[in-house]
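Next up, some structures in structure tokens.
Heads up, the next two complexes both have chain A, just with different partners, chain B and then chain C.
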Partner chain A sequence: MTPVAPKQRAGGIRRRTVFGNKWFLRIASLVVVFSVWEWFGRDLPYTISDPISIVIAGSQRFVAQILPAIGQTLEGLGVGFGLALLIGIPLGLLMSISRVVELALSPYISAIYATPRVVLIPLLVIWLGASFQMRVGTVLISAVFPILLNVYLGGKEVDRGLIDVGRAFAASTPRIYLIVLRGSLPYVFTGVRLGLIRGLMGIIIAEILTASGGLGFEISSYAKYFHIDAVFAVVILVGAISMAFTAVITLMTQRTTTPWVYAERRANKQMKAVSR
Partner chain B sequence: MLTITGLSKSFEPSKPPILDNFNLEVGQGEFVSLLGPSGCGKTTALRIVTGLLNASGGEVWVDGKPSVGPSRDKAIVFQGFNLFPWRTALENAAYGLEVQGVNKATRLAKAKDYLELVGLGDRTGHYPSQLSGGQQQRVGLARALAIEPKLLLMDEPFGALDALTRETLQGLLMEIVTKKGLSVLFVTHSIDEAIYLSDRIAVMGVGPGRMIADLPVTMRRPRNDYNWRAEPEYAALREHAWELLESQLKLVSDDA
Partner chain C sequence: MTTTERAGKQPSLAVASGRKFVDTTKGRWTIRIVTLVVLLTVWQVGTQNLNRAVAAPPTEILVAFWQQLFVTGSIWLPLVQSLGVLFGGLAIALVIGIPIGVAMGRSKTLSYLLDPYVTFLYALPHVALVPLMIILLGFDWPFRLTYVVFASVWLVLINTMVGVSTVDTAYTDVSIAYTASERQIIRHVIFPAAAPYIVAGGRQAFSVAVAAVVISEILSNLAGLGGQIQLFAVQYLTANMFVSIVLIMLIAVATQATTAWLQRKLTPWQLS
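Let's turn to the complex of A and B:
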């Protein structure tokens, strides 16, 4: 037993470090999934297609069709989301501070929040046509409610004692609002993240439904001619855009809402450096 | 410096008032403690003087002028420290000055001076979460002192601290108050704390909150050596204050 045991243990540790490495596992999983997809997909081009065809279809159409479509979608998303921020943050703040505004608005907000806003797209089309404004409107109604609701709920969570500090030192009303906004910043960012994702969802759906340009329109027109590989290329791109948004906002959230966490980490590093 | 006349406060008209006909005077450079059992309305009275609550009746005068709402000649130190977690000690200490529109260089320099005064000169860049409770309350004290108020209001400022830290901060407060000649209204439920710090102790009774005794503390200053608590005057004062408080505690327990 004695001479063999250490070798076995060493082998066990090596195996564990290979399989326990998260990047190894992620890459291995990707390779397996895509190989299986490729294997079956080659014979099924009009249903599930295959990764290599998707890459080719995507890159062939990228410059002429997909890139301008990205521009159109992001333009509509940017304008609509900007409006949603401009309306949602001040209104949510006002609701959390003023009881009158809160009681007057909260029934509508809750009701609309509970309704899928895409049901309003046909109305928007009637009002605004299959236009840029309609797509902006869809983003606005999709994004504004998660932002508004999170700012409102976050504002109610802010430590009353901090607001007392502002009042006791005779701070102006905008400064008091600033304390509420800063105190609810983690909630604000949650609202911003949800709003951006909902907004992207809203505009893609509007584009699919109304053929008014953008990535949604590309998806629906490729699907119409059974270019399944091109459809998948756009779908994967939309997923990547959505993930990139989430990642950026998460990073911003961590950096700005809790600066003291970074200060503590810096201090710990310095302590370690000193003790070394 | 501070005159309170006929102050009353009730939150619900159907219930007995929290404060009824409460009168108090704090002279220039005087340290007055409000001592009372919990629920007697001492914090309510302090919040009204600060301007965080409106009185139902009565008047508050500060420095010869009627005082309604918050103003720049008063500053408060809170029991729960109430520091902004996203601001460093220096930025927190400078908050009152920032609100008053003092330019950045001036207010930070001043805040630094006051942090040094409270013994935190080497912690200016730290966030509240990196400071102990005692250090956080030092920042709270520096923030209040930095606006150079005529009247310092303190709401059980050391109530959330451990015994040893409390004594250290009491000593520090005494030192600063003496040096600056501040007028202070100090809320506490600790008899020892009230005797140690005060020139006068206003003992409050319950149901409704009102003053039941105004005890002058004539003991010598400074009171920072170890023997002052052994003096007979201390024991007599303590006993007197305790009897007054006990009579009110009985009322509270009868109620409950």
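Let's turn to the complex of A and C:
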């Protein structure tokens, strides 16, 4: 991108291939940052802690405390997210297909989508108490609106030609719905990804707020006793879970909506193997 | 032509039975108003005989709204606190995010050095860091401001970076050929070309910042509108609670509308 002066270019391609390699740079950067963190953090165990203590704290607590907490969080997330899919996809489809439903509901859906759903968590706590249902409810309200809105918008973007072809071949109404769903799949997956990430966020807020078990509760209770190393361990774990969700859904999206990208990549690999 | 004719003859999918009525202005407004009236009536009637600790009817919420706005005036300070943190945090996020984003977009090396952290911290549900931030920064506005910045800066940064790195190299090559300096390239080529991404990132950051303000308020010391919600929630005063909920909703919707308008004004050629 940037202009490379001839002097530098003469310096040798080899050096650039080593120091310009992205994995070299990434790992070097991580090593430097973690070393600095270790160096300073060792003397500050009650504020920023240090990487080695974090690993130790995390592995010591893993089986007894963190693993059950992961289970609780994923359980609430799974049930709430499942409900969100069950409500969001049919309602979104209905909104994109029926003009009356669309006109009636879209102002509210857009308004609630724009509003941070965390405002409703205190209300859910009043209604359901600090319970499993409350956590499921939090995931549901966090996840259902991105799913619903994306299914609805996607349904409106579906190629009319596809529906017309379906109709020309005398497809039944449920089949037409399936065509709409298939046609809006990229949008559906966007909604699913956003919904899952927001659901994770929602359940962690609920767990921190009500101390009702799960990873959020682990974080807040470790923080309460100044086990900063353990807090970091759980935070990193939460980030890893979130990244794993995103990665899986991105992969699913690509596999189902643009499978030809994969076919091409595989073909390229084979070509390379042959030419070698 | 044929499609519309066929659709007209065979109303099975997108065409509900009363298509013509629905598509007139009058029909649209009829449906909207009927829905609103039905919703409000159901809410009113449904909560009439309910315990006030569970839910309050719309009329009582209106009364509470009036009270908090003009009689006791208790809503103004939290409103100012929330908006102050929101705009302050957003401004800081833009000031930090855009330069780093430009630098990462321009320099491959820098982007490889920093992208492990950016990717991780963007993916992390930032609320997980709240207890830690409270320990480090206390319960008051430094924590709330930092949290808002932390929640929204990644969107600004990543969008800027993507926008800058996808600028057509033909443009930058021409500037290099005409001996433009890096500063000139960034100012006159990169910024206009990447503007749609930067503005879009700022817009996303704005709505995340609204959520972050409320989250930080609910989880910390009961300041701001989020604090009002939590404060009335623990006293089971649902009518008063809804005042802040409705206000936050209005702020969020107004934010969306304003930023959409701004996006059209700033980058009319934007990617849709």
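In this text, the second predicted complex is superposed on the first by the 248 of 276 C-alpha atoms of A that agree within 3 Å, B and C clash if a C-alpha of one lies under 4 Å from a C-alpha of the other, contacts with A are read in each partner's own complex, and residues count from 1 in each chain.
We take it that a residue touches a chain if its C-beta (ideal position, glycine included) is under 8 Å from a C-beta of that chain, and two chains touch if they have at least 3 such contacts.
A quick note: this is a predicted structure, and the numbers were derived from the prediction, not measured.
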{"item": "Which superposed partner A:V119 touches (first chain B, second chain C, both, neither)", "value": "second"}
{"item": "Touching partner for A:L162 - first (chain B), second (chain C), both, neither", "value": "first"}
{"item": "Which of chain B and chain C A:G213 touches, first, second, both or neither", "value": "neither"}
{"item": "Chain A residues touched - chain C or chain B, whichever exceeds", "value": "C"}
{"item": "Chain B versus chain C as contact partner of A:G76, first or second or both or neither", "value": "neither"}
{"item": "Chain B versus chain C as contact partner of A:R182, first or second or both or neither", "value": "first"}
{"item": "Partner chain(s) touched by A:P259 [first = chain B, second = chain C, both, neither]", "value": "first"}
{"item": "Which of chain B and chain C A:I204 touches, first, second, both or neither", "value": "second"}
{"item": "Which superposed partner A:G20 touches (first chain B, second chain C, both, neither)", "value": "second"}
{"item": "Common ground on chain A, meaning residues reached by chain C in one complex and by chain B in the other", "value": "164, 167"}
{"item": "Chain B-touching residues of chain A, taken from the complex the two chains share", "value": "159, 161-162, 164-172, 175, 179, 182, 185, 257-260, 263-264, 267"}
{"item": "Chain A contact footprint on chain C (complex, rising order)", "value": "3, 6, 10, 12-16, 18-19, 22-23, 28, 31-32, 34-35, 39, 53-54, 106-109, 112-117, 119-121, 123-132, 134-136, 165, 169, 172, 176, 182, 207, 210-211, 214-215, 218-219, 226, 229-230, 233, 236, 238, 241, 244-245, 248-249, 252-253, 255-256"}
{"item": "Touch list for chain B against partner chain A, complex", "value": "50-52, 69-72, 75-76, 78, 80, 82, 84-86, 95-96, 99-100, 125-130, 147"}
{"item": "Residues on chain A engaged by chain C in the complex (per definition of touch)", "value": "1-3, 20, 22, 25-26, 28-30, 33, 46-48, 97-100, 103-105, 107-108, 110-112, 114-116, 118-123, 125-127, 160, 163-164, 167, 173, 176, 197, 200-201, 204-205, 208-209, 215-216, 219-220, 222-224, 226, 228, 231-232, 234-235, 238-239, 242-243, 246"}
